[in-house]
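Comments concern the structure below.
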Amino acid sequence: MKRLTRRDNMAELQGFFYPRTAHGGSSIIPDPPWSYSGDLLTVEFRTNPERVAELLPAPLEPAPDDPGAVALIWADWQSCSTGRAELLDPVRAQYKEAFVVVRCAFAGRVYSRCVYIWVDKDFAIARGLHQGYPKKLGSMWQTRPHPFHHAAPQIAAGGVFGATLAAGDRRLAEAVVSLREESDTNGFVNSHPMAHHRVYPGIGKGAPDAFAELISSGAASVEAGPAWRGDADLRLFDSPTEELSRLEVDEVIGGYYRQVGVTWDGGTSLALGSADGWQHTTGHREGQA
Amino acid sequence: MKRLTRRDNMAELQGFFYPRTAHGGSSIIPDPPWSYSGDLLTVEFRTNPERVAELLPAPLEPAPDDPGAVALIWADWQSCSTGRAELLDPVRAQYKEAFVVVRCAFAGRVYSRCVYIWVDKDFAIARGLHQGYPKKLGSMWQTRPHPFHHAAPQIAAGGVFGATLAAGDRRLAEAVVSLREESDTNGFVNSHPMAHHRVYPGIGKGAPDAFAELISSGAASVEAGPAWRGDADLRLFDSPTEELSRLEVDEVIGGYYRQVGVTWDGGTSLALGSADGWQHTTGHREGQA
Amino acid sequence: MKRLTRRDNMAELQGFFYPRTAHGGSSIIPDPPWSYSGDLLTVEFRTNPERVAELLPAPLEPAPDDPGAVALIWADWQSCSTGRAELLDPVRAQYKEAFVVVRCAFAGRVYSRCVYIWVDKDFAIARGLHQGYPKKLGSMWQTRPHPFHHAAPQIAAGGVFGATLAAGDRRLAEAVVSLREESDTNGFVNSHPMAHHRVYPGIGKGAPDAFAELISSGAASVEAGPAWRGDADLRLFDSPTEELSRLEVDEVIGGYYRQVGVTWDGGTSLALGSADGWQHTTGHREGQA
Amino acid sequence: MKRLTRRDNMAELQGFFYPRTAHGGSSIIPDPPWSYSGDLLTVEFRTNPERVAELLPAPLEPAPDDPGAVALIWADWQSCSTGRAELLDPVRAQYKEAFVVVRCAFAGRVYSRCVYIWVDKDFAIARGLHQGYPKKLGSMWQTRPHPFHHAAPQIAAGGVFGATLAAGDRRLAEAVVSLREESDTNGFVNSHPMAHHRVYPGIGKGAPDAFAELISSGAASVEAGPAWRGDADLRLFDSPTEELSRLEVDEVIGGYYRQVGVTWDGGTSLALGSADGWQHTTGHREGQA
């Protein structure tokens, strides 16, 4: 095969993702680090562990412990990159998401994994693609706390929060969380580094995947307010284009609320997939996150 | 003219606005009182008083004092009615708006008046129609405060907030407010009861208005956090379907931020218009709000 | 009551609806005539006549004939006013709607009446308010015909068209129409002038309506392509904020498809409501549309 | 490095792109072939060839001929996959896009290349990612033709079509095309197979790209109506997050309109990038598309 060298007079294009240009001013997302301030509303529940296992592709295995545990998390975010320019043009900073997390294992470690996720902005889709979150567009809403009670709960005992998720003009999920007491944790399912796949299908008709990588990803830093927990009610609905309702709610574990500030600044490549199977990424030792 | 009596077997239809039905479960908005929790970002400025006067229909006159003062206010709301059901289905509760307020006078009193307003939900349009706000749909965004600084300002000295407004795929306004110190007021332009018109154009071709009413409207109760003030920058842009940019910013007065809880529970009819002019509404005495 | 005269130096404000300004360039809708080019997909069915009657306010009565007949119509429109400026800025011209029509009677004549309607643009809401259509915002989609079959049906025998309606993130209706043959009509339910109410609730707490008018409204001119009819399937879904599903589909009459060009240029005031009941509008004789 | 074999009892996950599941019912896009019926509005113009060259990453070079030629194309699509299920749930089938195409060269052949593209649905983003189109979300509108003239042009001499594009609440482009005569072609810039990159940035902080592939892509089949051409007017606007306006319109070549039916069923891998440069993909011979 012939090797092609880059022409010296061809501009090196700039931009973190796409489209890349000479001046780098068009990329759908800028370079990390990416920073977030937001509110998380979580419902944890147990489903049939087989329904979780059927969502875990090679080389992942089910979590050894409580393999049927699932978290459905709504998040209301404001986000920015270095320079914080997005904050003053908030159409570029604010977005909402609803995502489903399970646990799994790889190379002797437990990871969290997002199996379904919906967002309402394109920069959120793009950051997700980079981080291996399988992002689709949807319509999600969650009650906001506010110091004034007229039309808002507070993050306190008795505060009641609702959340909904829809996609393709069909409602997919509804939840109500009634806060009862402060909590040591904001749930446990989404508490590990993520183990996500990044894949390009082969471009040729019927071709195998052109690229498959297993990555781990997690926040570089997190600051959080007190976590609150309470009772939760969760309803999942069918859709011809979704399978969320296969994760039937057999047992609600609990509901949680927490405000957080987060910075994300890169992850780690764990393994690369090929026709021969999966190989640990060079430089990654078994047992390393 | 023949008088038509209501048939006894015709159901009395229920519902505050439209559509009215036997069971009243379809109305675009429910009965007041309506409650709101939200954040207000305000820029006050002065324009040519003639540009304000040209927006005041009969029977209003310019404010005797500082007639060129204008407020452009962005608001990020969660709202509900009696029973607070909307809070747990927040697609029905949350909306944003951006509106332009001036002052005027009627029957010896000074009123505020909203001359332009854009919102992003239909229930907000409907409440506005009832209250005489000339609501159109738009896309408006304002920086949110958050306890965690990663991607958010705080409502404190040094907190910087941006806001934008667009409609018809054209940006109409951008503002940046940099908070400096606590303030006695949240501005002065929007501090009076509103004097608004409610109008139906005649249905016949070329017909005069079928209905014209001047109403006053204001909050039944307001709770507010400390107001903050600071420097403000405001840019208005042209559009073939808007005239906002005629209110040229000759002098910025200041920027303000405040969190509020509000209840609205009705207003007052001031005058009714007809081919013969305007007449005080029966029961309303001159000088009464 | 004191009479207020308009001050001679107060500008006469311009604009068909709101907001009115000195130059008239801000009105949410311009003066009629309004023109439309579009595609109509109709499903006609019969429901319990009581479920129709419960939607008819005074002074209307049920249609003497086939009182349980209902049409659910999806429309995909491009529209404009005099000068056709909207056509070159099509965000201002294109909109979709889904609406429910029944029949009723007033003063010895049969009328059509839109009992529920959802649209996806603000100018469509405003034209609807003027014409007495009870417009709310929703998300509606209908299959488009296209000369090339790759991803489209044609308006011909065998052409299959689907349509959906959602509001508040809940699906409200789905239909499938399979065209079979040309038809003399495009259905019968929406074939009469409309009898609609235009109402302002009283502004005072607990006050009676400030304005109530019964109007008739219909196209000034219509050009239409051949109507096609065929089998139809229609499903209505429950929602806590809608009552569409009370119009249970007892018997599908048929489905229709037609392309039309329409101009609307005013309607007629039939009656005005007051605490004393309804009175024919001055100049309107019984029996006149 | 340790090789990891897939566990035999690990389900093989189904789904063309993401998320992949046991039953394959969640993928954001289904398997090709993908079919499209739609209308294309094109404006071709010339800009400074350096402004095109600065958008061509290795291993591409400028087109040898007319290197400054650009096409800005608006498309109004209905699309589906095998089984055509999307057509009856048209929220999943209909989308609009606006995209910018230039020409380039690789291995002795001329290709077209999409340098910027905005769409309004998530399935359109996902198909674009697979095909190497750098898709972002935007708001785009184009005048629709319709048999009835009331509010529509026809695809004929004298037909006038407008189109707009906005993203991030800023208008980016506006065009008006006035059709004059039938045309042999629908423009020339977008007439070659596409040469696109598919890239994953490295997941580690500061890491080089994890994957970079040059692919070619084109329709498997196209049926088209007569192409029409005429005069065109095009305006590009600045935005802090876009560089479209760098492609200054020095000379308008012309405007075009055409209705098409298209099927896409895979492309070809041309070259793979690595730290060592670009290598032709195994099996691809120089000169092959």
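We just call them A, B, C and D in the order they show up, numbering each chain from 1.
Everything below uses one rule, namely that a residue touches a chain if its C-beta (ideal position, glycine included) is under 8 Å from a C-beta of that chain, and two chains touch if they have at least 3 such contacts.
A quick note: this is a predicted structure, and the numbers were derived from the prediction, not measured.
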(request) Select the chain at the greatest separation from chain C, using centres from the mean of Cα atoms. (result) A
(request) Would you kindly state whether over half or under half of the residue numbers at the chain A/chain B interface are used by both copies, giving same or different? (result) same
(request) Could you put a whole-Å number on the gap between the CA centroids of chain B and chain D? (result) 43
(request) Round to the nearest whole Å and give the separation of the Cα centres of chain C and chain D. (result) 38
(request) Give the residues of chain C that touch two or more other chains, as numbers and ranges in rising order. (result) 89, 91, 139, 141, 164, 169
(message) Quick check on the complex: what are the chain B residues that touch chain C?
(response) 1-7, 10-11, 13, 16-23, 25-26, 28, 32, 53-61, 85, 89, 91-92, 115-116, 121-122, 125, 129-131, 134, 136-137, 168-169, 197-207, 210-211, 213, 215, 217, 240-243, 246, 265-269, 271, 276-282, 286
(request) Could you please specify the touching residues of chain A with respect to chain B in the complex? (result) 35-38, 77-80, 84, 86-91, 93-94, 139, 141-144, 146-153, 160-164, 174, 176, 223-225, 259-263
(request) Report the residues of chain B in contact with chain D in the complex, numbered from low to high. (result) 139, 141, 164, 166, 169-171
